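Next come two complexes built around chain A: one with chain B, the other with chain C.
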Partner chain A sequence: MQTTLTDRRSFLKKMAMASAIAAAASMFPGIMFAAEQEKGIPKNANLDWKKGPCRFCGVGCGVLVGTENGKAVAVKGDPNSPVNKGLCCVKGYHSIMALYGKDRLTHPLVKKNGRYVKTSMDEALDLIASKMKETIAEHGKDAVSIYGSGQWTIPDGYAASKLFKGCIGTNNVEANARLCMASAVTGFLTSFGLDEPMGCYEDIDHADVFVLWGNNMAEMHPVLFSRLLDQRLKRGVKIIDFATRTTRTSTAADKSILFLPQTDLAVANAICYEIIKNGWVNNSFVEKHCSFSKGLTNMGYGLEDNYTFTDKPEKISFEDYKTFLEDYTPEKVSKLSGVSVRDIKYMASYYGDPNKKVMSLWCMGMNQHTRGTWINNLVYNIHLLTGKISQPGNSPFSLTGQPSACGTVREVGTLTHKLPHGVVMNKEHREFAAKIWGVPAENIPSKPTYHTVEMFRALDRGDIRFMWIQVTNPMVTMPKLKRYRDGAKKEGRFIVVSDVYPTPTTDIADVILPSAMWIEREGMYGNSERRTQYFEQMVDPPGEAISDTWQLIEVAKRLGYEKQFPYKEETHIEEIYTEYRKHHDNIKHNMAPLEVLKSQSGAIWPYVDGKSTKWRFNAKYDPACSNGEDFHFYGKPDGKAIIWQRPYEPAAEEPDNEYPYWLNTGRVVEHWHTGSMTRRIPVLHQAMPHAYVELHPDDAERMQIKTGDAVRLTTRRGEITLPASINERGVPAPMQVFVPFFDENILINDITLDSFCPISKEPDYKKCAVRVEKA
Partner chain B sequence: MPIKSYLVHPHDGKKEELLQELSTMASCEVVPAQNMEIIALVTETETKQEEEVLKARLESIKSLKLLALVSGFNTPQ
Partner chain C sequence: MRKRLGIISLFALLFIGFVVVWNYSYEQGLEGPYIPVESNSSRTLIPSESGVFRQSENALDFNQMPIDEAHQRSLETYYDNRAYPGAPPSIPHPVQKERDLGGNVCLQCHQSGGFVQKFDAYAPISPHPEMINCRQCHVTQNTKGLFAETNFTKVSPPEVGVNNALPGSPPMIPHLLSMRESCLSCHVGPSAPKEIRVTHPERINCRQCHVPNTVEHDQIEVFSRNLEESYE
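Moving on, here comes the complex of A and B:
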């Protein structure tokens, strides 16, 4: 009894300390408690420490996991990791606790007569394979689909792509990264011809000014943000927060500038106008390395089923571009954006100052945007006009939200149009992939099928009949969610969900497969800076859980693809990675060998002659540059990056008399996306137990709403009631509200809009019209 | 038997001094932030009265600027 009481007190003390640290993390952006990591380690413990990347977010912090008696018992930041240099955020510090929630899925469950029945893994996999065969026979190959994730390991995504595109012969492969970084991809492709940032995190150590474009780094990328704050302490760098809402990042920044939703397009153009007007253009860089183009405008917003759009780029001259920018003087843009003329000129002056190195950082604010590709292009324009690109400290840098959005979705290519190397539309690329996969090139269809929103629309319509969902929770994250939830529940649909905990998505499943999570299996992730990191299996998964990779392999074999999936259980990850590397076996994308990944904290691709390439397109660092100049944008046939003429266009749905507020959604520091893991970590759940709606204090006062009062939000999609938050975590601008999406009990996406960028097909979760009332 | 956690803010430049002082107090467990002037503090006392005495003692420390309560727990005697 005494032991029990002592244990309880000890537990409560740990909880109390964890609460204090979690509170500090939410109150003070970038705060770190490294010493606590050591203190949490059991005394005299004989722990086996192994390295790996953190399982949360796209930063890719290196962690050391301590195991004892087959259980992960401690975690600390890896001091040898160049990403986080020993630091961890509040999620990383508690990451191992996510393995041990009480309701882990441990056995396959099959829905029979409306009830889930425990079954063996073999029986569940047999059922999945037979349902896939049956669906293909009755409805065709394009009636089966897989929807994965930026939390897929590289081998998971590779196995999925190979099975569906190479073997079955459907391009019905998508991943949730479509919802968070597709606009970054199309931004890179349209401006440079190749995906992913040219720079790396080391840029932070060289930049003088950081401009955060709608990016609440203090909460979403806290370890990287702490590196910015560290540089301010050491070198006095400036941090400018350019956002629609006042956040922890705003209060920690040197300057907070608020703009009205969607008008970042106009402000970016105004900055370019100022750069040209003031003679800050790096003329020799632009002449040698840039061309100018414009595309179609008034593209629509993808609100209709089967919406299609294909841009038609047209070359223009620098003079044409200057004429276009006449509509974007600071004075004109100030009226539209709410940003003062002075602040527009202030930002432009930093970009234009030849003696300041500038890093632009962004994430969901720019990507979840109905003109997401355009705003990515426009920020590149600023860097290209000034020649501030591909050099240490001069870096436009798109951050990702998931641990392997880059590594798996973008590099393996788990999107409908992609292959590991290239796109399905290109015959040579199809032939190249088919050769490595050991399938006829004709197997891979030449046309993409459904991007994510359209894939769920197809499921609703009945064009798709079978969907396998792995490592993601679309029944929380899909915009205009009710339509897609109802669609998934329709008769004649068969849904398989592989996950580690019950979620609203397992609720729609016909078969639930228990997955091995993170260090319960072997794998690799690729982070925001092109760094691929390996982790070994450190502990056993619970019950019958197996990795998503092995689930796919087992089903592939049952479908008759033993020849394409000959991997051994003990060595399949190494075999798959070795095979995958063949797709990128060139100087522009070479991946480091597995032994290198095992021996160090990852490597940045292109990995050439035993070295990571930290800055692409710069001949000093990148061996793929071959034009004899200082820079070579070799992703484009002419070796030049494109400065795009992209106008301001309004959002798909803007406030009006009936729905007079803007609704913006997003994340919080305590929870990993939909909270399915972090809400099972007591201290994180306690620190942020439920969703809320942030209102501006003036709006709240006018409606006599206080913190905690119930507030009803109504959009054209429906209504939701949730507690108010005033002057707490964040403060929206007047006539705007913000709601985090982590809470499965308050599904904000039931009322969001499924508009998307016509080029990237990424939905805009940041803008729709809403009515706000005291409930 | 109260267990409470606080975020402790030192006066400018007094973090180390405050840390030293808190570390010597028997009922206190401290973890300093690595990169900011903040200290996480957990107190463990036998009774409510003892807790109040300790809190008064903490608030009298000269290097301490602000003591912000985060959480409180109670366990059976």
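Moving on, here comes the complex of A and C:
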């Protein structure tokens, strides 16, 4: 009786599923959602809708902003945007409220005798320019620096690079993106020779299996995750969550696999071992398009000042690589990683199955890693061995966290070693940039100076005396924060901060400049899939606030660079963008002209013959392929992608008797980055008012800690006390804790470690040792 | 002799077989310290928020169900059946077995819902079908009378249509989520009160757009900074 009932139930269920899937295929052409939203808007509202990219994360959703009487009053998802097809997340829907916080900075403030005094914009800009001149005269060019972020629009970053590298002549240009996706960049450069993903978001519509490497997409890239869920309803795709912590993503995934911190390196190698052992290698692809290399090991962790590292790549054979992988059998790796042999083989079998298209997705889990470059390489290895790359649905895809981390920091090149096209170490690249910039080539120094962590160390030491910080909040985001905050406050340092709200970073400033944010000015962002998107000015900025671009131009003029910055106030964004395009004038990186960006929801570069290139390195889609084969990895001189031999190495600081827990940090869906904007949006603040520490329920029970109890976390850097969260948003594994970093009143980065990947110089915010006590 | 040899070789074979099998299973045992890091815990490790995804596999079915105008519930009847907003509803119909916990008896109708001829209504879906001691919280109403009058006053339930921060923005969640993490239970399907039935049940990551505005509501102050310096 019981069994027949079950049979009948499961039969009915299957029938229902089958019909539902059939119906779904015809029902959802995309995500299309804006029409639904339209119903909620009063009929008599006389709103003017303008398109633009969302202000927040690197997904780059298209939004339509409704304005009325000069104020932004509503947001819709842009149904024409191929990114989000009309859907947003809670941050996007409420993004415009970030413009109207009561404590918006509206006038320049200058610190005089410990108090901030209102001044005029002209006076503040004069002061900045004279301080820069004075510092250069006294301490040299390399004593002045600028620190921006992936929230810089393309023209902001371009003006900064041109002023500092081209005109002043220092490579002291860095950005928050160093803390966020530098490992993704070095991963791409070492494996392919060219930065940024080969595929695009359309891969989601083609892939059969999604493997999320340490990526809580349901919260961090919710709109893309909704596209995954959509595909699961439509086509029954599989979602595998491979992570160190149980999250919303784990519960939504078809399979959740947990691993111990840092052992992703070993598991990726074990997957390659299985692929080779089972004969799943795409031999013709590997033969034609791949070569093998190894680099130095035991690189260290960059904990000491002036640490340097240069990798020495060495060619190896496929046989050497196979021998190396003998150490990474699933059995051995299982013991190290806590992942069962069965689960390793399970993942390998999906990657190996020639009939399954696999998309790997990752973000900070792999990038904020002391071996971040390596783990990026290792995931590419899996895709290269199986030939599952550069085709619709077969796609290793590195996601970003900031709206223009790709567009500005990576493409304009606002990092110490970068130029818009190429690197400062290359003479031809320097000459090429200097010619467009209208400066002598000798102006651009051939040696990179400081990466971000080292830049703040240099500020502490006194090697840097002047720093201009725009659109970012390093006094919340720097690891081992206390050292860098104390350093910035030292006598004889001059700090300028351009921002929209007071933050812990404006607290250390000598001059605070009010900025026009997002739709209060004109600009462009570039998202994770190489899509450049334009937005016009839709509302007026408050008070005397002006855009970061115009601030830089005004200071450049005061420094005597009128010739290099001849732009007119009304048209400067267009002029700069047109000039910037010259740097990328080739079929490998062409940027779409401004008219195109204005007329449609962005375009993917390389934009060639009026068309976006959706899949690079694939001759069918990419006109830059020239070797007559199906694929051409033209970023490398021999046209071959590199499969890297990279071992497992332990983290910089692992739990011991004194500090027995792992400390992991990250984000939540409600807040973006340091919360300086989202915490001023009432809806988001009320849903997530403060940071907390997540504990495993067993650990909590042992220490008799309940949700809301005060918990003290102590590391070798210091201690903080914050409320506990047990079995709520996420559940860390036993002997691990998780803290979100958005809360400036609970600065978790005061106790994190400033170890970084020696190749990318990106710090690891996900792993250090901590002691946990009931406070 | 030959017979004995046969028996000996049979045993020898059995012995070899045993050694092989034992070895294999021993190796297997070594190979698989299957430690998905959580497994040494006996409790269910599901963040309380996971409920949003729980009924996702039925989402498409819900999407396709026609609206049965004649048998819709409304918010009024929904709250009539509760002592206060958020209280466990009472059981408005006779129950089969007084001695039963509830469990499968209740879940027959309340796990997946469906039309019940006898009561001429659609069975509401439980947002927490894993809790089977139903009648711990849900009790029948066997009399309309009172033992003594009460001064208890029922607070008004949250209103519908006023929870958007901006015109057209997704409404916030005006109620607490405890025991009601599975949004689909009450917000989709023919048993959902008509005022709160969603149009897009296939979007199962509900809290991508809708966030609660009731977390310790009164205690949440406007975000403010711990200021060291004073700004003029």
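One rule holds in what follows: the second predicted complex is superposed on the first by the 732 of 775 C-alpha atoms of A that agree within 3 Å, B and C clash if a C-alpha of one lies under 4 Å from a C-alpha of the other, contacts with A are read in each partner's own complex, and residues count from 1 in each chain.
In this text, contacts are C-beta pairs under 8 Å (C-beta built on N, C-alpha and C of every residue); 3 or more make two chains touch, one makes a residue touch a chain.
Since the structure is predicted, the reported quantities are computational estimates derived from the model, not experimental observations.
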{"item": "Partner chain in contact with A:Pro723 - chain B first, chain C second, else both or neither", "value": "neither"}
{"item": "Which of chain B and chain C A:Asp230 touches, first, second, both or neither", "value": "both"}
{"item": "Chain B versus chain C as contact partner of A:Pro623, first or second or both or neither", "value": "neither"}
{"item": "Which of chain B and chain C A:Pro682 touches, first, second, both or neither", "value": "second"}
{"item": "Residues of chain A touched, compared between chain B and chain C (which is higher)", "value": "C"}
{"item": "Contacts of A:Pro647 with chain B and chain C, given as first, second, both or neither", "value": "neither"}
{"item": "Residues of chain A contacting chain B in one complex and chain C in the other", "value": "16-17, 20-21, 23-24, 27-28, 33, 36, 87, 226, 229-230, 686"}
{"item": "Contact set on chain A toward chain C in their complex", "value": "16-17, 20-21, 23-24, 27-28, 33, 36-38, 40-42, 45, 47, 66, 73-76, 87-90, 93-94, 96-97, 109, 114-118, 218, 222-223, 225-226, 229-230, 233, 244, 246-248, 251-252, 257-260, 331, 334-335, 338-343, 502, 507, 669-670, 679-689, 696-698, 727-731, 733-734, 744-745"}
{"item": "In the complex with chain A, residue positions of chain C that touch it", "value": "30-38, 40-41, 43, 45-50, 52-53, 56-57, 59-61, 63-64, 164-170, 172, 199-200, 202-205, 207-213, 215-217, 220, 222-223, 225-232"}
{"item": "Residues on chain A engaged by chain B in the complex (per definition of touch)", "value": "5, 8-9, 12-13, 15-17, 19-21, 23-24, 27-28, 30-36, 39, 87, 226, 229-230, 686"}
{"item": "Residue ranges of chain B in contact with chain A within the complex", "value": "1, 3-7, 29, 31-36, 38, 40-42, 44, 70-73, 75-76"}
